[in-house]
Amino acid sequence: MTATPAGTTETTGTTGTTGFTSDELMEVNAARALADATTCFVGIGLPSTAANLARATVNPGLVLIYESGTIGSKPTRLPLSIGDGELAETADAVVPVPEMFNYWLQGGRIDVGFLGAAQVDRHANINTTVVDRGPDKPEGRLPGAGGAPEIASNCGKVLMVLRHSTRNFVERLDFVTTLGHGGGPGDRKKLGMPGAGPTAVITDLGILRPDPATAELVLTEVHPDVTVERVRAATGWELTVADTVGTTEPPTPQELAALRALKAAGKPAKETR
Amino acid sequence: MAPCEIDTTLVSTLSIPTLGVTMADIRSLEDAVADLVHDGDTVAMEGFTHLIPYAAAHEVIRQGITDLTLVRMTPDVIYDQLIGAGLVRKLVFSWGGNPGVGSLHRFRDAVENGWPRPLELDEHSHAGMANRYVAGASKLPFAVLRGYRGSDIPTRTDTVSTVVCPFTGEELAAVAALNPDVTVIHAQRADRAGNVQMWGLTGVQKEAALAADRVLVTVEEIVEELTPRPGGIVLPTWVIDAVSVVPGGAHPSYATGYSTRDNDFYQAWDPIARDREAFSTWIEDNVRNSEGALTR
Amino acid sequence: MTATPAGTTETTGTTGTTGFTSDELMEVNAARALADATTCFVGIGLPSTAANLARATVNPGLVLIYESGTIGSKPTRLPLSIGDGELAETADAVVPVPEMFNYWLQGGRIDVGFLGAAQVDRHANINTTVVDRGPDKPEGRLPGAGGAPEIASNCGKVLMVLRHSTRNFVERLDFVTTLGHGGGPGDRKKLGMPGAGPTAVITDLGILRPDPATAELVLTEVHPDVTVERVRAATGWELTVADTVGTTEPPTPQELAALRALKAAGKPAKETR
Amino acid sequence: MAPCEIDTTLVSTLSIPTLGVTMADIRSLEDAVADLVHDGDTVAMEGFTHLIPYAAAHEVIRQGITDLTLVRMTPDVIYDQLIGAGLVRKLVFSWGGNPGVGSLHRFRDAVENGWPRPLELDEHSHAGMANRYVAGASKLPFAVLRGYRGSDIPTRTDTVSTVVCPFTGEELAAVAALNPDVTVIHAQRADRAGNVQMWGLTGVQKEAALAADRVLVTVEEIVEELTPRPGGIVLPTWVIDAVSVVPGGAHPSYATGYSTRDNDFYQAWDPIARDREAFSTWIEDNVRNSEGALTR
């Protein structure tokens, strides 16, 4: 399997001189974050890309769990929705949706929850409900909560993946759909949330992790060719930066090949054949 | 002692009518929708990407059944169409989008701009909605979950509250039961008695059906016998009101074993739904003036 | 199919001059009581005999529901337990036990609940938990509630079948396991019980039905050759008798044949073949 | 900018261990029981007539694991044996009998006469017990049902209480969650990774397993692949601690597809269990001094 030229992929983001896009950097690093995970509750979109890439690269044994009821799905292409037929056909078990949320998620059976977000704040709280578009405009409508509030509460830990911009990384959420770390350390415990909450936010610019002392997201790594200044500028709050900021390893040819193969296979049948 | 008459007064006053359990009628979709779905009803058309009852929803649009409260965990294009057609007063849901594509533009236009009419929302998380159906199917007034913690969602709905565990003192979320007037689902097949069988991702369909007062099921085909299938569930005829045979009735969604998801349609829907006029034309051409949408 | 001589059946009770036992009278009349039923939640033992006989005679379309999770079982022999393999193999659907109790029973889906009892009182309340054996003796232990409290509460109506004796038909229950009509009319409604409660108690001597005015069990029918006095003597309370007491129709040859065939087929394999 | 070291202090302090999800070990029944079942444990051995884990219970008897709290909706002969063997301190149940035969004489002797030791009871209805397992599997402290109304049962247990619906004001029964230390079940088969598959009447086995801290499954056989079966459920290896291969391990209960119920044994049990000495001799001969009970 050889890597498809970057230009033919569907990803957005600029292709660097190194032959991969910023989206691919995000996706590859999101997959790497699952290297040690055992079971992963997978949101659709970027989290699903990351989780499937992890299975194809760093963690072939990763158990993928989708809210449509599939446990242990092994799709060969990127599912286009959380109800894709292949998720059921390749699963170890398919369970009713209420059972998934009650016995498996609330039951504390899931190691990692992987979420996207429309807005995130410095404590990794998430908004996917509505956005304020100014005094004279109606609230902008987002899709809503889906499984996120209980995924973030009940999974052992939470990973997040989203593109970095001041539109997404905001000083103050317009609506708290899903609690990350609330207002700071201890808030989750106070609310009786079993899981540890968000441990990393992977973006197309780098990786943020909560400082255990403040539960505030701190820039710990940037992707190759990304400056700390650029990340600061794309963040809607005064971004705290780690004393030493690392640089993520560039995607390996194997990672890129696997990612592009997954995406190519995930296109609608009529386009690929 | 020869058999003689019993005290019929006493016996008859004690005669309790049966529950009125009846078998499902197998009938045309047009008749079934007209009979079971009424203006002002609360209607659940469930399906987690799989087995979404598009054909039945299109029949609702053709018949102009309106002022509906629609219920569904994952309202997608089918609800976008019903909302855009002006038939929906309120939406009860947990995630509204065009899966894998983007926003539901008709849903957004109704919520943000009140076009073609304002849309009231009752909004939950998936866990909450799933448990609301469970409570409904169990004929309990509410269900309990460890949910909504730290979320603003409870500020926008009156169907989330709290209960305290009488054993541990822990405060937990309570969600009100969902009991739709009608639940409409699509399934793979039924037998002549109206027993329905479905398999693959079956989502919350069983709960949605058992929570409802009336149940309409469209199926791909009628078979002589419902041979057991891995992952198959059977809804007996006596919990269903009508079965209508509508091959391809889930298109552009799919029916495992019969069809695959028409991903192209979901992508094509985005530009149609972005524009009010394009949408209205599409509904006229493909639903109101045609049953072609069923066989696309 | 011809009737097996009564002496070869396993039933207890005396065989009358008419060629059937008092147990067979009870079983046949219990089956007849299901003539109009649509769905029946079946307890094991006598209720199961009655419900299976009903399917073989007066109500071939009767939907049998067992608490082990089977819906629409069509056994060809008397199941020896509520978990008999044939119940699952011949069912329209097999569901998990919690679903059976929550969605189907509590969900109000079942027309008739058919129960046995160790003790019953004049208001058709049931004890299957413990019996008082006197001041110097320990409480006698019975099997316990099983599904009965919620079957009696949630089914559209309840039928009961048990042998008639002062040991079983008692002035005062030692323990109320399962509420029938409580202390009288209105008690069920006060407790928020959806179903109408017991509508008939079929015994080896006759049939008792609650008077709607008092909710007290009244003798409305005796079986052939049974006198009202005999029923009074076998009842632990001052039995009220209807103004006109009917006599049940004797079992037809078809009913007897079907009953005996079911029982013969229900014996353990080693004994019958 | 070349890749350089990251702030490992920060990253490592943030490193959250995984849930400790591990695959099931496939091991001998003797080792599995010794490792997973301890004196004083609360143990659920479930099965609604079907798939009752007799062999595992006999291994518990052989190892003399004692002071157990046994949990089961329908304790039958297997629990009669454990109780008669003097290993049980408390029984949590809803119906105790020898199905189709009669009383459990060892259970009665323990309750009525304290032989060989007193037996504490926590007694429920089936609906209550089923919901207690559901709460346990859902990691909720309690479950809600419309149950126990007018019954004396709540006077004899401290695990039934009430809650009031915050939406309707209706008072409902609350039952405390059941979370056994160990659940032991028998299933038809497992694959080499320890994923377990069972079909036929599967009762409350899934709930009992998911409610427990530890899970031991005996199976009829190990297969290369768990091909999907109608009515089949799969428990993934990562919710199971140990799988032991014990063909016939449900005898005298049965395993659909592998064996039929030994009704003769259930009938033969009645006279054995009626007599303390006959019982003790039977246990010595068939369980303590023999593994023959497994292959009878």
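Order as written gives the chain letters A, B, C and D; numbering starts at 1 within each chain.
Keep this in mind: a residue touches a chain if its C-beta (ideal position, glycine included) is under 8 Å from a C-beta of that chain, and two chains touch if they have at least 3 such contacts.
Which chain is which protein? Per UniProt: A, C = CoA-transferase subunit beta.
As the structure is a computational prediction, the values presented were derived from the model and not from experiment.
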| item | value |
| --- | --- |
| Steps needed, at fewest, to go from subunit B to subunit C via touching chains | 1 |
| Farthest chain (mean CA position) relative to subunit A | C |
| Selected interface, A-D versus C-D, where C-beta contact pairs are more numerous | C-D |
| Centroid distance [mean C-alpha coordinates] between subunit D and subunit C, Å | 30 |
| Centroid spacing, where centroids are CA-atom means, of subunit A and subunit C in whole angstrom | 59 |
| Whole-Å gap separating subunit A and subunit D, where each centre is the average of the chain's CA atoms | 39 |
| Distance between the centres, which are taken as Cα means, of subunit D and subunit B, whole angstrom | 37 |
| For subunit D, residues contacting two or more additional chains | 134, 138-140, 145-146, 170, 206-207, 231 |
| Multi-chain contact sites of subunit A, meaning residues that touch two or more partners | 102, 106, 194 |
| Chain contact topology (line, ring, star, complete or other) | other |
| Pairwise chain contacts, counting only pairs that touch as defined | A-B, A-D, B-C, B-D, C-D |
| Subunit C to subunit B touching residues, read off their complex | 36-39, 63, 71-72, 92-93, 102-103, 106-112, 156-157, 194, 196, 199-200, 209-212, 218, 220-222, 224-227, 242-250 |
| Complex contact set, residues of subunit D against subunit B | 138-146, 159, 161-168, 170, 172, 174, 176, 228-232 |
| Sites on subunit A touched by subunit B in the complex | 44-45, 67-70, 80-85, 87-89, 94, 96-98, 100-102, 105-106, 125, 129, 138-141, 143-150, 153-154, 175-179, 182, 187-188, 191-194, 268-270 |
| Complex contacts: residues of subunit D adjacent to subunit A | 1-7, 10-11, 13-16, 18-19, 21, 134, 137-140, 195, 206-207, 210, 226, 233-236, 238-239 |
| Touching residues (chain side subunit D, partner subunit C) in the complex | 47-50, 73-74, 93-97, 99-100, 103-104, 107-108, 111-113, 123-127, 130-131, 133-134, 145-153, 170, 200-204, 206-207, 231, 254, 256, 260-261, 263-264, 266-267 |
